[in-house]
Amino acid sequence: MDRRFKVRLEARFGEQLTGPIRQRHDETEMRIGPGDVVAILTALHDEPELGFEFLSDLAGVDTGKVMQVVYHLWSETTTDWLRVVADGLSRDDPRAPSVTFLWKGAEWMEREAYDMFGITFEGNRDLRRIYMPPDYQSFPLRKDFYLADDAARSPGGGVRPMERSHVPSNAPSKALVRQIPT
Amino acid sequence: MTTTSAPSDDPRIELDRDLGVFEPVPPYPPRTEREAEFYTLGDGQMFINVGPQHPSTHGVLRVVLKIDGEKVVDLDPVLGYLHRGVEKLCENADYHQAICYTDPLEYVSSLFTEWSPVIAFEKLMDVQVPRRAEYIRVLSSELNRIASHALFLGWMALDLGGLTPILWSFIERDEIVDMLAALTGQRMLFNYFRIGGVNGDLNHEFMSRLGDWMSRAAEQIEAGNGLLNENEIFVRRMRGLGTIDAKTALRMVMTGPNLRASGVPFDVRRAHPYSVFPELEFDIPTRSEGDCLARYLLRMDEIKQSLRIIDQCLHQMPDGPVMAKLPRLMRPRPGRAYAAIEGPRGQLSTYAISDGTDQPFRMRIHDPSFIHLQSVGLMMPGHLIADTMAVMASLDPIMGGVDK
Amino acid sequence: MTVISRSWSRLTLPGKVIFTVIPILIALTAALVVVIVVLGQPILDALAANLPIVRFALAATIVLLMTIPTAFIVGYMELKGIAFMNLRIGPDRVGPYGTLMSVFHGLKMLMKEDFTPSGADPLVFTWAPVIVYLASVMTLLVIPFGPGLFGQDLNLGLLYFFAIGGLSVVGMLMAGWASFNKYSLLGGLRAAAQVISYEIPLTLSVVGLILLAGTMSLNQIVLNQSGWFTDWYVFRQPLGVVIFFIAATAEANRTPFDLTEADSEIVAGYATEYSGMRFGFFYFAEFVNVFIISALTVTLFFGGWNAPFPWPWPVTLSLDPGGLGIGLLLLVAIVPLLLTIVFAIPFWIASSRIKTWQALVAGFVLANLFLIGLVGAGAYIAFDWVAGVAWFLLKSYVFVFLLVWMRGTLPRVRVDQLMDFAWKWLLPASLLNLFVTAAAIVVVSQ
Amino acid sequence: MALTDDAAATANVGTGPDDATGMSSDVSAQPALPATRPGDAVVSPIVVPNTLWQAADPEAYDGGRPTDITHLREFDASGLGRRDDARWGGALDVIPTKADYVLDLIRMNSLWPLLSGLACCAIEMMSTATSKNDMDRWGMFPFRASPRQADVLIVAGTLTTKMAGPLVRLWEQMPEPKWCVAMGDCTCSGGRYKRSYSTVEGIDRVMPVDVYVPGCPPRPEGLIYGMMKLQQLVKDRRGHWPERAIGPTVPQEV
């Protein structure tokens, strides 16, 4: 991991960070609020001493409490992946600024995040559902969306697959659920 | 949600609406400005629907072309016909099963789609992989890369109307896939990479097949290219088609051969080394034209580099175990890990979040085919219908990876 | 009665068809026999009176029937040839070496459901394949297969050929328009553009040859090339041959000019919506076209039915079977037995492990082969039309194989490249060919 | 390699107040996430109904019948398997039955597949048609691009709910007689994607299937074997196409 890079980041974006810069293995993670995404990503992209010209990934995350938009960036100036986590989007109406003005290729990734999580990216001019059909109502990758057969049809209702292999398959599911310490 | 005449872009409902002919205009008002702009016809223009079941779309891609005569004015890809919900399934399976779910993305190069989640999980669990396992991973995956590029050659020619090259390249592909089956036990969806190593050590049948094939691989591949490289029709059709320059390619976040064909020497194996690639020596071929011919020739160069890597792997292969000591039921401590590898089509990456249980809390799979496909809309306008297929083939998308 | 009704109810559809057709056929045959017996002589007189009409009708029927086996043979050549170029085996399960494969394909298409999509124009949709097929078949009428073997020796035969051959584009256009399908429409329009623009170099490329030959009758053109193969027009019109063959390939919509049914672009072109036998017409017309352009190339430039060299030692075989009288009967009765025994003896004395009946069977087979060879050689020598047809088919199928080879090898050109090639290269080249030929003729004649 | 070896990286992992991997706002501790508790899932599972496409036949897509009925039981109930079209007494029977037999021989020897691949299995389907194991030998090679000219629909790969409509439309565009081969686990039963929210668990819910070829993906030899079974089926069924219903119509003896 690149310690000096952490120092540089703290020096540059110190006041805008909402959490400590964390480093593990070959990744550096910085957390920002959704309001600062445009400014910070533009700075990362444009300033030559940072020079993160390559957007490696754009992912949405549903933590169960809040929504996040996670950007992974690559640059020649550091040996780490830079992970920018736009944190604290409300689960009721998640909104984040679009980065298509920097990377036009992010358009479909944002469409995918919208399709899977319902995150609205302001500034994306083609924010449609991309995978599910247009009349689809729910957002599959949210944490309150269960697979159709989750626990309902399977014998060991909702038991983690590893443990399920240890219990008799003919056992009633209610008893099973009670066995699991919650 | 009622089941009666729900508005959708399903062709069959369109079919019932007006007799016989299928107008690909969706039956609801446009939702975005881009959609509104696309679905308004100028004079002399018409829509033509390619897919979801069309001989030249590799898989079930549907592209709505707005054409003026034979000239393509604009196009709008419609995805999701192969969306299998892999990420959700991975979140509902434990770590080993998640690797199995990621196999069928990019089904012509499954080893790579296994590799990136495996590295991510190993980061989550701080697993140290034996070096022999790493070498075996590199060896088998480079073989898989050659098979994938061979198929690309065949599809390229097939979409340009050539019958023979695809059958010749399938001969290559079958040989490689059979030797990989001797190694992994499966012909296409080898579930071979495991957390902390690989499933099994090199066996004799694999080594003998590999040596037999390596002795004649180069000239076989040369023969396959000979059908196309000197073919005047082929070269004339490919040169200067679907050109994209380096800056635009970076804006479209393209990776892999399609980016290197535009002159950007970005290869994850060198830019952000993983596995034992720092110990291996190989070149990163780049070309400056950025057109379909460059993408085609670049992949042919990559095949040679892969042969070099395989040769080095066979010579530097260390002894030792191929699997690290790990518990069967894995509960990594909470954390986040991101791993990217260089697949045959570009950067394949996985972003995994662990919540301390034996199932990934969130598993994001980033596939290059998905990214590259959206740049077709950038390259196509002004070209002809026949070129749409050529450009799509030159980007080499795999619908399993596009739709996840 | 009830038995018959029950049996009828249990008949399958083909059974019903056969059981209705057979009695009708029997009745018709009986009526025909009666008619011939009653007034046979007047009919013969009437036929003799206007022989050319009878001849033409007969030739037309034969040509029409001949296209079907031709299509099957060419189809089989294509299946097998492309298979070998793909390093495959190709059909080998249906018939010996898969020879029946194309036949089965054709019969299967005959038996498939044949429907008209809603929104299509039924009349045009139905007649388009017929026109395409007839355009191919009618061109065969003027091609001389051998000395005296042609449907009609028009003195404008070449013009007739191009005129009728150009009709096929009408059928394609009708198909593309009537199918009510955008792919079909694109295919039909492509076909129109392609065929019409390639008509011009195609026609211009043979004008030089017409100047040389001084006639447009194909039969006369073939007669002009008799003698040694150096007299063939290919050696006087080398450029013309190339232009003609390329343009003819484009006319027949063969690779690399098969844009009209480009699988990877417009699904099946103008034939997208066709199924069953109406698609079979397109399917056969393509193969018949392949044979026709090969045959025309041979006729115009490669000496037609002429042997490449005159028969060096002329043999005149005067067969007069009647002269032998009763000897003929004895000959027919005895010679096969004799030959069988003669050919069987070597096997019989060769090894004691070969049983007598085995030796006799082998002898019988060999005797038949010998007789067939004998008869064939005799026919080749005695009747020059046999020799002519043999040479003609041989040359033609060489060119058919050339077309199959191109199909197995070349990718497809683009539309604009197609047009550029026609107008920027073929047309000037054919004009150049024409001028050079005319100049040469003027120079030589003075 | 990607995993760094230096001890400092792993030393401060998961310990201390400024935990390098603390999921404080990322993933909360387990009790704070009622939504993700499997126990609640048992109480109120959310089942997403499929409203994406409609069947031309209301009976299709499980419209009419319970899903748990096994195909063979239903098939026996329909009695299609037991009807005897082959031999019947009397002198007239020779011609019709033999003609029928010949027609079936011709049909079974010229089966044109539709050039339709959905997913992974499509690659193996192509590999079946290519040089090493050559489907052309049985007359199955010319892959027709247009469904109007195809005889066999080889459904190769996962069928998603979004693709089911177009696929059924393809099937309805094919002219009779036509057959359907389900290639791969996903098309036979849902396979490894059975649990997913966007896949159809086996294509026999949307179209009749003649031959199932399991495997993920089946080897080319497997597909060739399935096609030979289909040939046997064509020969044995004696051409009674219209009686086919949704669900497999494979006689048990085949």
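Letters A, B, C and D name the chains as they come in the text, with residue numbers starting at 1 for each one.
Keep in mind that, in the parts below, contacts are C-beta pairs under 8 Å (C-beta built on N, C-alpha and C of every residue); 3 or more make two chains touch, one makes a residue touch a chain.
Small disclaimer: the values here were computed from a predicted structure and weren't measured.
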Study note, to complete from the structure: Outermost chain relative to subunit D, judged by CA means, is C
Review point. Between chain pairs B-C and A-B, which one is joined by a greater number of C-beta pairs in contact?
Key: A-B
Revision key, fill the gap. Distance in whole angstrom between the CA centres of subunit B and subunit C is 47
Point to revise | Euclidean distance of C-alpha centroids - subunit A vs subunit C, Å | key: 67
Practice item. Using mean C-alpha positions as chain centres, tell me how far subunit B is from subunit D in Å, no decimals. Key: 24
Practice item. Specify, in ascending order, the residues of subunit D that touch 2 or more different other chains. Key: 2-3, 13, 20-21, 26-27, 51-52, 115, 130-131, 145, 162, 195-198
Point to revise | Contacts with 2+ other chains: residues of subunit B | key: 1, 6, 8, 10, 54-55, 80, 83, 85, 88-89, 92, 123, 167-168, 171, 335-336, 353, 357
Point to revise | Per-residue multi-chain contacts in subunit A, two or more chains | key: 24-26, 61, 131-133, 135, 140, 145, 147, 150, 160
Point to revise | Chain contact topology (line, ring, star, complete or other) | key: other
**Study point:** Interchain contacts (touch definition) - all pairs
**Key:** A-B, A-D, B-C, B-D, C-D
**Study point:** Residue ranges of subunit B touching subunit A (in the complex, touch as defined)
**Key:** 1, 6-10, 26, 28, 31-35, 79-80, 83, 85, 87-89, 91-94, 97, 123, 250-254, 266, 271-272, 329, 335-338, 340, 347, 349, 351, 353, 357-359, 362, 364, 366, 370-371, 373-375, 403-404
Review point. Where on subunit D is subunit C touching in the complex?
Key: 85, 88, 90, 92, 95-97, 99-100, 103, 106-107, 109-110, 115, 130-131, 134, 136-139, 141-142, 144-146, 148-149, 151, 175-177, 238-239
Check your understanding: So in the complex, which bits of subunit D are touching subunit A?
Key -> 2-4, 9, 13, 18, 20-21, 25-28, 31-33, 35-39, 41-42, 45-48, 51-52, 162, 194-198
**Study point:** Complex contact set, residues of subunit B against subunit D
**Key:** 1-6, 8, 10-13, 15, 52-55, 59-60, 80-85, 88-89, 92, 100-101, 104, 107-108, 119, 122-123, 126-129, 134, 151, 166-168, 170-171, 173-174, 187-189, 273-276, 333-336, 339, 353, 355-357, 361, 399-400
**Study point:** In the complex with subunit D, residue positions of subunit C that touch it
**Key:** 3, 7, 10-12, 14-16, 18-19, 79, 83, 86-94, 98, 100-101, 104-105, 107-109, 111-115, 263-264, 267-268, 271-276, 279
